[in-house]
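I've put the structures underneath this note.
Each of the next two complexes has chain A plus one more chain, namely chain B in the first and chain C in the second.
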Partner chain A sequence: MAKAAVKTATAARAPALAGRDFSATGVKLAVLAPAERISLRAPAASVAALSKALGVTLPKAPKTSASKDGRTALWLGPDEWLVIDEAGGDPLADCAGVKALHSAVGVSHRNVGFSVTGPAAAATLNAGCPQDLSLAAFPVGACSRTILGKIEVVILRTAEDAFRLECWRSFSDYAFAFLSQAAVDAAA
Partner chain B sequence: MAATHRISGHGRLTPAKTVRFTFDGQSYSGLAGDTLASALLANGVHLVGRSFKYHRPRGILSAGAEEPNALVSVERDAARRTPNVRATVQELYDGLSASSQNRWPSLSFDVGAVNDLASPMFSAGFYYKTFMWPKAAWKSLYEPKIRAAAGLGVSPDQPDPDHYSARFEHCDVLVLGGGAAGLAAALAAAETGARVIICDEQAELGGALHFEAGTSIDGADGWSWAQATAAKLAAMDNVRVLPRTTAFGYYAQNFVGLTERVSEHLASPGHDLPRERLWQVRAKRVILATGAIERHMVFADNDRPGILLASAARTYLNHYGVAVGQNVGVYTANDTAYAAAIDLKKAGVNIAAIVDLRDNPAGALVDEARALGIEINHGRAVIKTGGRLRVSSMTIQPKNGGGERNIPIDALLMSSGWTPSVHLFSQSRGKVAFDDATKRFLPGTYAQDCVSVGACNGTDGISATLDEAYAAGEKAAKDAGAKAGKSAKPKAETSESWAGGMLGAGPGAGADTTVKAFVDFQNDVTAKDIRLAVREGMRSIEHVKRFTTNGMATDQGKTSNMHGLAIAAETLDKDIPAVGLTTFRAPYTPVTFGSIVNHGRGVLFDPTRKTAMHGWAEAHGAVFEDVGQWKRAWYFPKPGEDMHAAVNRECVTVRKSAGLFDASTLGKIEVVGPDAAKFMELLYTNPWEKLEPGRCRYGIMLREDGFIYDDGVVGRLAADRFHVTTTTGGAARVMNHMEDYLQTEFPHLNVWLSSISEQWAVIAVQGPNSRKIIEPLVEGIDMSDEALPHMSVREGKICGVPTRLFRMSFTGDRGFEVNVPADYGQAVWEALWAEGQKHGACAYGTEAMHVLRAEKGYIIVGQDTDGTVTPNDAGLDWAIGKKKTDFVGIRGLTRPDLVAKGRKQLVGLKAKDLKVVLEEGAQIVADPRQPIPMTMIGHVTSSYWSENCGRGIALAVVIDGRDRMGQTLHVPMPDSVIEVEVCSPVFFDEKGERLNG
Partner chain C sequence: MLLIRCPYCEEERPELEFRNAGEAHIARAADIAAVSDEDFEKFFFIRSNPKGIIYERWRHIHGCARFFNAVRDTVTDKFVMTYKAGEPKPDISKLKKESGPAAYANRPPDQLNVKKPAAKRAPASKGDA
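Showing the complex of A and B:
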């Protein structure tokens, strides 16, 4: 232990694009508050134990998510989930005690979350996302790791006319600029 | 100027809604709803351009997208100048300013027209044959001159101030074409509840109903039915109606590109409106209702202004209320031109004569024309025309020869029949089949989930078209999963037929070399050019096309392809299907670059990635360099410093005290699982099993071929958890490389990879004072040399937030890399900066980082390696686990060429003159007196001025370099030869004592 362990001021958190928003006819964009996130990888045999520890049942079907008490698990691949906790919980700590085979890696700061809401929300995303975002093909709760223009994003439909979009931190400037430009044309 | 050729009571435009525009500086008046072409014709203007090669005066041929002649420039302002706009599709707006192209000094007197007189010289293939010698003149003289003389308008030379947007869309049924067939199909599909998109290139849906006056559907005239149906569709929630939208490309799996012209028709488009919108539609089913295009007749001088397609003249009359002439001739080989003659006659225009190539034309239309008193000359041909800037006469003759007769006219309508538009069908990779009875290529074998209806499918008559289209719409919706709908099928009461016609050259297209019977107006290809191509040995229609340029350029042979093919087939004495059809390619009509690029301009051209500390660096005057998509601080000049002064100061300060460096852009991968060490053993050359948690190792990753792929420091956080770093540029590909091997070669391993590049901001603190700077801010980590030796890692807290603290060095001095969650990066940097200020530390950028590592001979993968460098070549044999039996690249390393003598090895170079900094990439030779080309034995990979060493230093790869220590080699440069001495790549602190200094 270093002898000069002077108490210093705790570093202030400076999230990317904090507080930014934008609106256009039929659509509103907002940068979401920081959340706790983990990238969770596990074989099928571990899903039950991890679900129990996390308090949310990890979905097994492609393009689906499960949500409980402010914590959402998004299916990203056959053995991969993105877990987002907006209620102040610590999913990394919750997984730490699980004996079943898995990999939980903290990525809270890796991602920036956006909300895209309003009747033209899907059209805004479809300016750069090739997926079918109709309610029939992409119902509430549907999620996907996909692209927006030239970057990779994860999208989650949180309501009929609302989406959450996540991208990596350094791509957030691009994502916000793209969404802002797309929003202006989305009512067409 | 008043519109002199508008006939009151005709057309669908509102006479009161006048719109002003200019053409070649002259002011005119048109009506809202006009195209530029219809407005010019309303003012009696036929001459609108000069032809591509011969500079012949040209007029308006068509009323649609197939227009080959009427290409003009439309200019909104200096930056918004669009060349090659087809006047027939450009909608008029108030203040539109258009000008003609390819003429000098003026449209009516064009010097380039001398080409027309000299035309025997400009036959097909002329360019290929004439400008072969001297070869060098092609680039400097011939090509620029030919391009200037044979241009198609002038490209804009300013950045495009407009913006463009894009949308991906999905639907059950996509209907391409909004004529009667498309509307009926869309209606049937829409009424099932299916998601339907219908697009049409024109401003209003209706297609041929623009001109077909003899059609009535469901008790209304055809046009009214079309408008009512389009409105009904637009009002349905499940339907998107896209007018002014061209389906230009049909790609794999029913992926269709549409370009919508959003504001091109508006006088002052709103700021938020894009100029165009690109729709990329994935449809479960596609219905092709693309119609047919009328063909012209091929005879001598068939290109004079005032000569146009019969259906075009009818469109101008019935839709725009414009008479194309007052004394009009008609030359035809089918019935549809009769309908045009009848409509014009009824509107009070004199029809000088109908000339019909057929011997015994008969039927209701022929009878009606005769009853109206129109002279019909059957079994006769128009063999030439007179006039210069406007047609003034036609000369007719019995088709098998005989007496000629000259008839004065001021316009000539022509029709040789209709070509089904199979462009999009063909783009979908469907195979066309030749229907011998009707001499048409029709959709044959389908390759995708689509169906053709109406005229593009060879279906004649509105009744049959509506039946076919409606059934296809219902079926497509059902096949796409929709339930059966309930609705009434549209029923046609009266209709017109489009059948019949002829292909190829008429009697007036003679073999005489002076005759110009145009097949392709846009490329100035005549019937004799096609015959010449065949005589010169072209057998395939693809060769004929390229030799003559028939069917090339913006119109893509919409009117010319079939004629060209028929003439080639006749000359070859083969049947048309035996000669074949050229391939239809996207785009159907020209698409702007803006539409294709759409949002991807300016800041959205490519993502610009910035680290969490970017703002601090910017505020402290950093100059940035682009590293891939990242902006990295390059150096931090103080007032008055240039780059060299700043870098020298930064390099000296780091070694004297310490420096802070933003290393956040390094790739970082967390490797987790019980088999993590096994996986690392397989992916890296180094041994990992015995690396203790809390320790780090410099790892090298190879490709299968044994060459270095990436490198980086790896920390073992726990038995089952590694924190791997990669080069900045390698971040994504190393992750892919690892994932690829894990999934395909080592799927039995229980290990997972997660990218954490952006989770952690990384602050490198390097230099003798680095520990003193960090220590006061850290909790829970003993930073003594015993507890935290070089190449170790600890987890704890700094400034009250979590950190992964690495002790490692890329400078050769004592060093640390402080990893903190990215959102804390700036605050922790600022805290470290404040501590650093107490010790005289500096912030340093990538340039100083490069110099400092070069002083120590540390390689940079991709700079000192180039994909052909092995660990041994780079002097890194020590990083290969000697007892290891397997890792990616282990077999590659034993290849004979990789172990033979004579490989290029990494060495240091010192110029004899201390002041000299070698050029990176410069070649190295042993003997500078040898003749050129000299034998090159290596090249410089890195070279810098080292203020710490007081001299220029360089790294290089040289054949058998390690055996040449102390030898003098030479670096030939343009102005001198530099003498260099081969040395160790470590220039500074050779014993490595400063790592703990």
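Showing the complex of A and C:
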């Protein structure tokens, strides 16, 4: 009997909606590259140690974020943060050595990130997000868990006319379709 | 749309981000096994259901995800005030005089969610029920 060739399967990452983008007058949508993410829960006493380990100071004020060297920590609640690393680091491993009480859960594959940029970016998001996204109420660096249409999302303002939107992977089709239609409406 | 003040986010947020979680200040007995059937029924099932001011638990489920308490008027749907979970039940007779609006309706748009409101909240609440 002839020897069967040994086949090895290599797991390939298949990001949702990879490479998709959409443009309308005044607003551009793009699906962002995969990133490392953790959901971090910790009491106030652990924040200093975790900030040191992560290399970014966990923000304590509502609706604020902190960013350093491609890693962003978003305040989601009084003891809850979403940490996004786009520089190839591993925030989960960084937290592993911290002895202070905390819970860090890797959610890299759970989320899909979108960028919404252009002068009509806020209007596009406001098609499904009921929050005040004016610069006075939602300045650059502000972030919030909120809703977009029927789904829960996290929004981060990265520049005056640019937002990062994170949603759960299984909702990404809905989010992209919703934003595409909203972009057309915002441009009109 | 109603805007509800979340005491953890420290600002007014759209009602779509919130979920009602029933009546507030209902304490579970420390030794629930020793409670009589009648008292357990009261604790578990019986709610005040008033016409007027009610103390409720709310959850900012699509925001900071925290539970907090609110004083709401069931007739007008006005949020008299909101406060953090675990804080004492506010005295309603004092509330009517002192508190500002907890919801959007009584505050001018340019004073919403800015760090320093143009005017203090007290004057805007004059004549509130």
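One rule holds in what follows: the second predicted complex is superposed on the first by the 179 of 188 C-alpha atoms of A that agree within 3 Å, B and C clash if a C-alpha of one lies under 4 Å from a C-alpha of the other, contacts with A are read in each partner's own complex, and residues count from 1 in each chain.
In this text, a contact is a pair of C-beta atoms (placed from the backbone, for glycine too) under 8 Å apart; a residue touches a chain by one contact, two chains touch by 3 or more.
What you are looking at is a predicted structure, and each value in this text was computed from that prediction instead of being measured.
When both complexes are overlaid on chain A, the residue A:Arg145 reaches chain C alone and has no touch with chain B.
Shared-chain residue A:Lys99: touches no atom of chain B or chain C.
Of the two partner chains, chain B is the only one touched by A:Thr10; chain C is not. With both structures placed on the common chain, the touch criterion links A:Pro62 to chain C but leaves chain B unconnected.
Once the two complexes are overlaid on the shared chain, A:Trp168 sits against chain B while remaining clear of chain C. Within the superposed three-chain model, A:Ala137 lies in touch with chain B and with chain C [touch as defined at top]. Of the two partners, chain B and chain C, it is B that touches more residues of chain A. Common to the chain B and chain C contact sets on chain A are residues 130-132, 137. Residues 1-2, 4-6, 8-16, 34, 39, 41, 43, 79, 101, 103-111, 123, 126-132, 134, 137, 149-151, 168-171, 173-174, 177-178, 181-182, 184-185, 188 of chain A are the ones touching chain B in the complex.
Those residues of chain A that touch chain C in the shared complex are 62-63, 76-78, 80, 130-132, 136-137, 144-147, 152.
Residues 163, 165-170, 195, 262, 272, 274, 277, 280, 282, 599-600, 603-604, 606-612, 630, 670, 672-674, 750-752, 754-760, 775-784, 798-801, 820-828, 831 of chain B are the ones touching chain A in the complex. Across the complex, chain C meets chain A through its residues 1, 8-11, 13-14, 16-17, 62-66, 112-114.
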